[in-house]
Amino acid sequence: MIFYALIFAFAAIGIGLLCNLWRLVQGPTIADRILALDTMVINSIALIILYGVLQGRTVLFEAAILFAMVGFISTVAYCKFVLRGDIIE
Amino acid sequence: MSEAKATADSRSLRQRWLPHPLLTVVLTGFWMLLLNDFSMGGLVVGLALGILIPLYTTSFWPTPPRIKSYPKATAYFFLVLWDIVQANIQVAYWILFWKNEQLKPKFFTVPLDIRVPEGVATLMGTITMTPGTVSSDLSADGKALLVHGIHVPDEAAMILNIKTRYEARLLEIFR
Amino acid sequence: MQLALIVLLPFVGAVLPALMIRAGRNACATATFTVTLTAFLILLAHGPRVFAGEVVQYRLEWLPSLGLDVNFFLDGYGFLFAGLILFIGLLIITYARFYLAKEDPMGRFMAFLLLFQGAMVGIVLSDNILLLLIFWELTSLTSFLLIGYWSHLPAGRQGARMALIVTGSGGLSLIAGMLLLGHIAGSYDISVIITRAEVIQASPYYIPALLLVLGGCFTKSAQFPFHFWLPHAMAAPTPVSAYLHSATMVKAGIFLLGRLWPALSGTDAWFYIVATTGLATMVIGAWIALFKDDLKGLLAHSTVSHLGLVTFLFGIGTPFAALAGVFHIINHATFKAALFMNAGIIDHEAGTRDIKRLGGLVHLMPISATMAFVAALSMAGIPPLNGFLSKEFMLEAASETAWFGLGFDPTVAIIATIGAVFSVAYSLRYIIHVYLGPKRKDYPAKPHDPPFGMWAPPAVLVVLVVLIGLFPNTVAGPLLATSAGAVIGAELPYYSLSLWHGFTPALFMSIFAVVAGYFLLTRHADAITLRERFWRPEAKALFDTSVEAVVGWARTGTWALQNGSLQRYLAALTGMALLGGFATYLAAPGAPGTEPMLPVPALALVGWLLLAASCAAIVLLHRQRLFTLVLVGVIGVIVSLGFLYLSAPDLALTQISVEVVTIILLLLALNFLPKSTPVESPLPMKVRDGVIAGLAGIGVTGVVYAVLTREFSSISEFHLANAYEGGGGTNVVNVILVDFRGIDTYGEIIVLGIAAICIVALLDTVMQGASGRRIANWEVDMKRSADRHPLLLVVGTRVMLAFALVVGAYIFLRGHNEPGGGFIAGLVVSIALIMQYMASGFAWAQRRAGLDYHNVIGWGVLVAGLTGVGSWLFDYPFLTSWFDYFTLPIVGTFELASAIAFDVGVFLCVVGSVMLALARLSRVGRIAEHLDVPERDMDVDPRDVPDGNVAAEAPSASPAAAK
Amino acid sequence: MELVVASGIGLLFAAGTYLLLRGRTFTVVIGLTMLAYGVNALLFAMGRLHTDMPPVLSLDLPAYADPLPQALVLTAIVIAFGMTAFVVVLILRSFLEVGSDHVDGSEPVDPGSPRSYPDGSPRPPIKSASRGAAGGRS
Amino acid sequence: MTLIAEIVISLLIVAGGFFAFVGSFGLIKLPEIMQRLHAPTKATTLGVGSVLVASMLYFLVIEGIPSIHELVITLFLFLTAPITANFVAKAYIHRRESPKSLPLTNRDAGWATFDPPPDQRTAGEERGTS
Amino acid sequence: MNHWLVVPVILPALVAGILILALRHDILLQRITSIASTVACLGVGIGLLVQAAGGIVEVYELGNWPAPFGIVFVLDRLSALMLVLIGTLALFVILYAINGWDRRGRHFHALFQFQLMGLNGAFLTGDLFNLFVWFEVLLLASYGLMLHGSGAARLKAGTHYVIINLTGSTLFLVGVALIYGVTGTLNMADLAVKIPAVPVEDQAILQAGGVILLLVFGVKAALVPLHFWLPTTYSATSPPIAALFTIMTKVGAYAIIRFYTLAFGADAGEASWLAGPWLLPLALLTVVVGMVGALACRSLRWLVAFVVVGSIGVILVGVAVFEERAMAGALYYLVHSTLASASLFLLAELIAERRGQDGDSLTLKPMPAQGDLMSGLFFLSAIAVAGLPPLSGFIGKLLILDGVRDSGHAALIWATILITSLLLIVALARAGSLVFWKCRIAEATRESRELAGRSYPVLPIVVVAGLIGSSVALTVFAGPAMTYLEAASDQLFRPTDYIATVLGPQPVLDPEPTLAASPEAAP
């Protein structure tokens, strides 16, 4: 049962990623693109966790937490750049 | 000179080595979470980190807020959690089944009474995480909040909801 | 040893005049003279042995593997030349002492002269052709200095360069020739080579070797068509000309012809090339000399002609002709050196060397005139002077030489006679047009005989001219016999050194030459008219034009390639890599792989699609720079996910954390850079780059696919097997990094450290010069929002900091056993710190971080390095790791490993480098802002703002500003 | 899967190479970054592809992915990072100094107009016939 | 027990996938950025949250390994999502909105994106609202 | 265990660490430390050379792991030679640099030490990937040094230099990857063992990797058409660094020599002598481009930079035929050209300094100050680089010409080298005659009078003289030098000793311990 649930979730997230891609390429504003990237990262975290469940392995946990940190800081950095140009003032 | 030094020393006995006991506990717990496995060795390392890291980071957080009531804080946490789940379904429904034209998006201003930065931040986070609203900006003096609602049929009700359901509670939590 | 001393003395002695000049010109000249005299005396001391037919040798091993050894030998031929060089050298030194003007730096002149002399002696005494080459090229170099001695004269500089280029190129040809010759003969020793004529002449390399050697000889000896440099070398001071063009420099080529005569001569090729060249040179040189109004020009071309004569004689290939050649070398050296010095005297005293402005000098300069008459008549081949003797020999040899190998073949004789006619004509011209005739009133100076010191040296030579002519057997006989014997190497042919040989063809040719020569001189004006009709290649102009043309082509070609465009350079690089890769791949044998492939999950296709779309977008939309950076972020995420899926968690962690720091760096830089890229690539360039890029993609795809589908085993089985027991960790990747290949990691953190200090160094000067001005006048090129440090971020990052540090510690400590380690931990901690900097601004956060990142890097390098060095204490190699398991009460069993200390070094280096780089980079932004950015944690703390609309009040009223 | 990975790496190389050949330093640096991604993946792929066998020793794994290329790639990533950090500052510094972010340090000029050769010596005016040879910058 | 757990886990996973999808779908469906911002910041975050809880349960119940460090990620995401949303919104406001197009702050100071903090205003500076 | 072997790498690193940590504000201490470290490196290098001269290959197993699993440093005659060469050059350069050049930017000495570290590491390592790491270390340090002091021209040139080399580094990894992908190993000696056994169907990948790697080394060596970075870079950087950089191209040459004799040598089966067919034509082209370029330049430093290109071509011609005698000649020429071009770079600067504004441009200017001294030094340096007797360049060229005689391409090689020698002679004669002779017709300017009246420090002149002196020494002691170099070349062409020493008895892999070594087996 869990397996089929996983398949569903993978499919859903896969389609979600394609949606992100669409928004990323389409824009139209840079904020849209940043948002698309951010969403992509969060979806990736979900993927990583689900993959860990599929494998029955927790070794991917650090990857997930780093993705979270990195997704956050890069989104902030992009936005800060749009806002101020100088991201560390 | 020596007097000043003496007072500094007397003050520092605990505050110097254990500036945030709570943080120490939280970090140790966090460490154990990370380890995902209980061992005395792990706990020793965790405690060491829990003591050392606040020593370094305390200067980055010069005026930490005081929590007036931990039970209230915990209650608030679960309230928000519930709101997140509940209202997310609502938004999912809108996204999936409503036509875009049916949505009435809108910016609106929420005047703030809460002053503690941590409180303001928590409120902003709460507003964003509970669906339908995103905290978009703060006024330059930090006393008004710009919120965007994805579907705002009644602005006043929404503001009122925010102020009563969340801000009021936060005012009781943060000093 | 003494032989080597003869060569060495002038070189070592060259410092003397340079030093002695401080003691005066006489001291300088005396020192030089003494050096030369000593060498000459040592040489003479060998005379008896040489005349006894002995070959004196000196051998010293230098570079035996190449066959280059310091081997000298002295036989009759070498003795003759060394004697000429040193003897005439003595005369020249004396002459030069009086010739050089006060303002001429004599010390330098004498030093150069000695160096040149040493090189010449070296040539003639070498018994090793490679050693000879060295001296050969040295003569080119030192003569360059001598000819260019009067460097303020354009003619001097150009003449020197021309001589260097022509003789230098001949020298290069000679190098090849000598290497070939030595190869054929099996030895580089001349004494061996000259005994191997049969081997040499039978070799298929004989012709190339011959041509290359002759290339050297002919250029040096100014043989047609390389004769043009010599007259231009006349820009040198006259003592130099007298020395270089009578007895030394130009004779080097002749010397070598004679030296190798036994080995190379006797073939048709030798005859036709050498004799023809010599004959042509003799005639052409003499013809031109006839029209030279410059005395030194006349003598120079006459030298060309006489060198041609000797070459011709050597080229004939018979022993008699060779002997005649050697004899003429002696004679030419005497009368020509005398004449050059004479010309110098005229120049010195009359103020001009232009024949048209001279005449009648006999009345004013009787001594000089006498000497000139004798020497010039000898040059013309008038009996009873020595020139007559060797010219007779030459004509005799010519008359016996058949060009086409027919029975009666007077071609050579006729041409030789024509040459002799011209020779007589210009020699007589030197006498008649310069000294005879009426006295003139318009000499540039007041001509009179020079001081004794200046006329004595030529006088010595003139005496010799006469003595050899009158008593050839007594004066020159033994020398000639010994030296010619050394050239021929066998029995000497029959010859008779006397003025009268009976009515031989040579006598008639000689008489004809004198008569016709005089007649020609009387019709000199007509001859000029006649000459004007022919096309005369202007050698110097031709030479200059061709050098300039070569330089021009060099410039065009060089700058057409090296056009300063990085795009071109990179296209060359990538194109070359593609060419190399594809050509090799397609040419080498290979077969497609056979291993089965892994299944493709749908998500992998999604990932591929994301990657492909991002790549396409980044190519198409790269002009929007911020967007490009977002796309880079996307690609980083996808690559990391790929690593994760393909069992490389460490890579995923590293990739994703590196990427974010990279993007932050790029954003910091982009703040100052243009935000978009102009449209500027022309279509052809885009197509070119597209083709290169496409090929790169196809090539990489193909080769990676090829690798992935074949079976494989690698040394990493050992790493897997030993990571735990030998390295004390279960994360094999980490154990490889800190243990198996720890030195890689050490190098890697060094790279980080260097990057950071390079960045410091680069940005340290950013406020200077143009860059400083640009920053000072920098204007924000995009709309700026008003808040720097939004409250939400400030609060959020504060909460996160401690937790992020714990995560860092966690990732650090588990790295040895699970994915993680010092590097990733370093990045995590850096990211945590960067968050603070981004949230609350640099100044505020830097003060609280309290870290001098320079020191952090330094400690990192030291900690990691000293950890490695620590293993020396136990006599283990650098970076040998140590680990053990300990058990403590309460704590339980834990592992301690030196790898952790090493990883601490890694960690420190990473944190220090990343933070130092960011700190310095962001500093530029703050400088450029011109704003006094208030140092505080957030833009506004609502607690500091009183209720009500207080913002309308004066700013100073606000508590934050009042601080 | 092998083909997916191979072509993915190929894509990174193609895009990276194209950007590398552009005329602005920023784009070139992005190209280098893409190439770094590509080459790291390539190096990694040399250990062949394995799913679900990270080289972290444990009892339940029958085999492991090749750890050596992973370690090499880690080193390569770090080095590439150091290099990128440096080159980013370099292009910034260069831009601030010379005022142009063109890779050649000056805004492209009309190929026909006289400039100096790279060694500083003056270039003769180029005739219109040879414009193509000397031009070609973007 | 295991079956119930499996059902719960499966539901959580499905919910996670569902919310993740909704978030991303909203990103392309909704017509303007401020609306789009709602979708991923919340739906996707909730989706990941579900997945994380599912994972915790899965490892605890099915594999028998207590795995509670997913909590760390969940908390982290919930902490950062508002900040990200706030910044994207600010970026959008900064680029596409103006002080006039936004509602008033009803205070002397305008919105922070346009107005400097009260103590940093210079005399002639334009106010966001007044 | 001969720990000295690792000292040339570790010592500069630790010294650099200390320089960054503790001494970065005190230039005097920096200089003392830096010079001491350089001298120590040279001393250790000489000691190692003496040791290597005996012909025994020595291996240092870093981390106490045997090759090919760990990384080893290997000392043979060639690597010892390179250590001494870099030590010598570095000492000259640092003595020159302390005359104020080191103060024109931050961290000169730390970068210098890191540069030494990278170079020494590259010469010592026996591992292909580790070679990449050292390349990166030495390149990054060289970027820093190249840009030391900044300035627009230097930054422009530096951008080119850095970007081209970064591209080269990418290609390096591609080459290493392909070779690893087929052989599964990185140790060069192990490659020498494994490459002969590479099956035919894998040859295409292996050889493509090999050729790509060759081109990468070609970039470092400035092999045409990968050379474009060099003239720009060398002419734009500060003189001591340009002088130091004369070793940089030699690193590429060294890598080619090392790798393609060892791994793709006579025993490499299908892939034996892989480099030759690519290297020879490109090397000949390099000679031509370099020497023609020297003729084209109207600036002294550019001229020397092109001379460096040309001389690397000469070296690689000697290498490309892959014959023992030619290789020995190439090594001799390598040593010679490093020192000779360095002296000319430094001298170009001394002359420029004494000619004033744009002092190195070959335009008519008054006589440089200290004209006699300068012209004398220039004449000697020019003789050395042009390969004229009596200095070492001539002997080097003779050795190479002699060595390639049996290669089957002798005519082409001889013609190329000799004709281009002539071009170089012309170029140098023109330059020297303009600067030191024709200058007499230029009217003295205020600047020139001022320059003539100035006093100049002696140390830089001593350094230049010392470099020229080393060329003289190389000439005088050509015999002993060649004995060593021929032995070194012999060692290269008979790598069995090297391989046996590095790998020891052939390792036997036991596949079982994989599981046995799992955590459960731990205490």
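Order as written gives the chain letters A, B, C, D, E and F; numbering starts at 1 within each chain.
One rule holds in what follows: contacts are C-beta pairs under 8 Å (C-beta built on N, C-alpha and C of every residue); 3 or more make two chains touch, one makes a residue touch a chain.
Since this is a predicted model, take the numbers as computed values, not measurements.
Any chain touching chain A that also touches chain B appears here: C, E. Here the chain-to-chain distance from chain A to chain F, counted in touching steps, is 2.
The chain with its C-alpha centre at the largest distance from the centre of chain D is B. C-beta contact counts were set side by side for A-E and C-D; C-D has more. If each chain is reduced to the centroid of its CA atoms, chain C and chain F end up 16 Å from each other. Rounded to a whole number, the gap between the C-alpha centres of chain B and chain C is 72 angstrom.
Inter-chain centre distance (chain D to chain E, centres taken as mean C-alpha positions): 35 Å. Put simply, the C-alpha centre of chain B and that of chain E have 14 angstrom between them.
Multi-chain contact residues, meaning those touching two or more other chains, occur in chain B at positions 30, 34-36, 124-125, 135, 138, 140-143. Shown for chain D are the residues in touch with two or more other chains, namely 20, 25, 28, 38, 40, 42, 45-46, 52, 54, 56-58, 64, 68, 72, 75, 79-80, 82-83, 86, 90-91, 93, 97-98, 103-104, 117-118. Within chain C, residues 555, 559, 562, 564, 566, 568, 570, 574, 607, 629, 645, 649, 668, 670, 700, 707, 712, 714-716, 719-720, 723-724, 730, 740-741, 744, 747-748, 751, 754-755, 758, 762, 769-771, 785-787, 790, 792-793, 796, 803, 807, 818-819, 893, 939-940, 945, 950-951 each touch two or more of the remaining chains. Of all possible chain pairs, the ones that touch are A-C, A-D, A-E, B-C, B-E, C-D, C-E, C-F, D-F. Taken together, the chain C residues at the contact with chain A in this complex read 602-603, 606-607, 609-610, 613-614, 617, 626-627, 629-631, 633-634, 637, 640-641, 644-645, 649, 652-653, 656-657, 659-660, 663-664, 667-668, 670-671, 780-782, 784-785, 787-789, 793, 804, 807, 811, 818-820, 824, 828, 831, 834-835, 837-838, 841-842, 918, 922, 925-926, 929, 933. Residue ranges on chain E touching chain A, taken from their complex, read 6-7, 9-11, 13-14, 16-18, 20-21, 23-25, 27-28, 33, 36-37, 40, 44-45, 47-48, 51-52, 54-55, 58-59, 62-63, 65, 67, 69-70, 72-73, 76-77, 80, 83-84, 87-88, 90-92, 94-96, 113. Taken in their complex, chain E has these residues touching chain B: 18-19, 22, 25-26, 29-32, 34-35, 37-39, 41-43, 45-46, 66-69, 71-72, 78-79, 81-83, 85-86, 89-90, 93, 102-118, 128.
Residues of chain B touching chain C in their complex: 23, 27, 30-31, 34-35, 39-41, 44-45, 49, 53-54, 56-57, 59-62, 112, 114-118, 120-121, 124-125, 135, 138, 140-143.
Across the complex, chain D meets chain C through its residues 1-15, 17-30, 33-34, 37-38, 40-42, 44-58, 64-68, 70-75, 77-86, 88-93, 95-99, 101, 103-104, 108, 117-118, 123, 133-134, 136-138.
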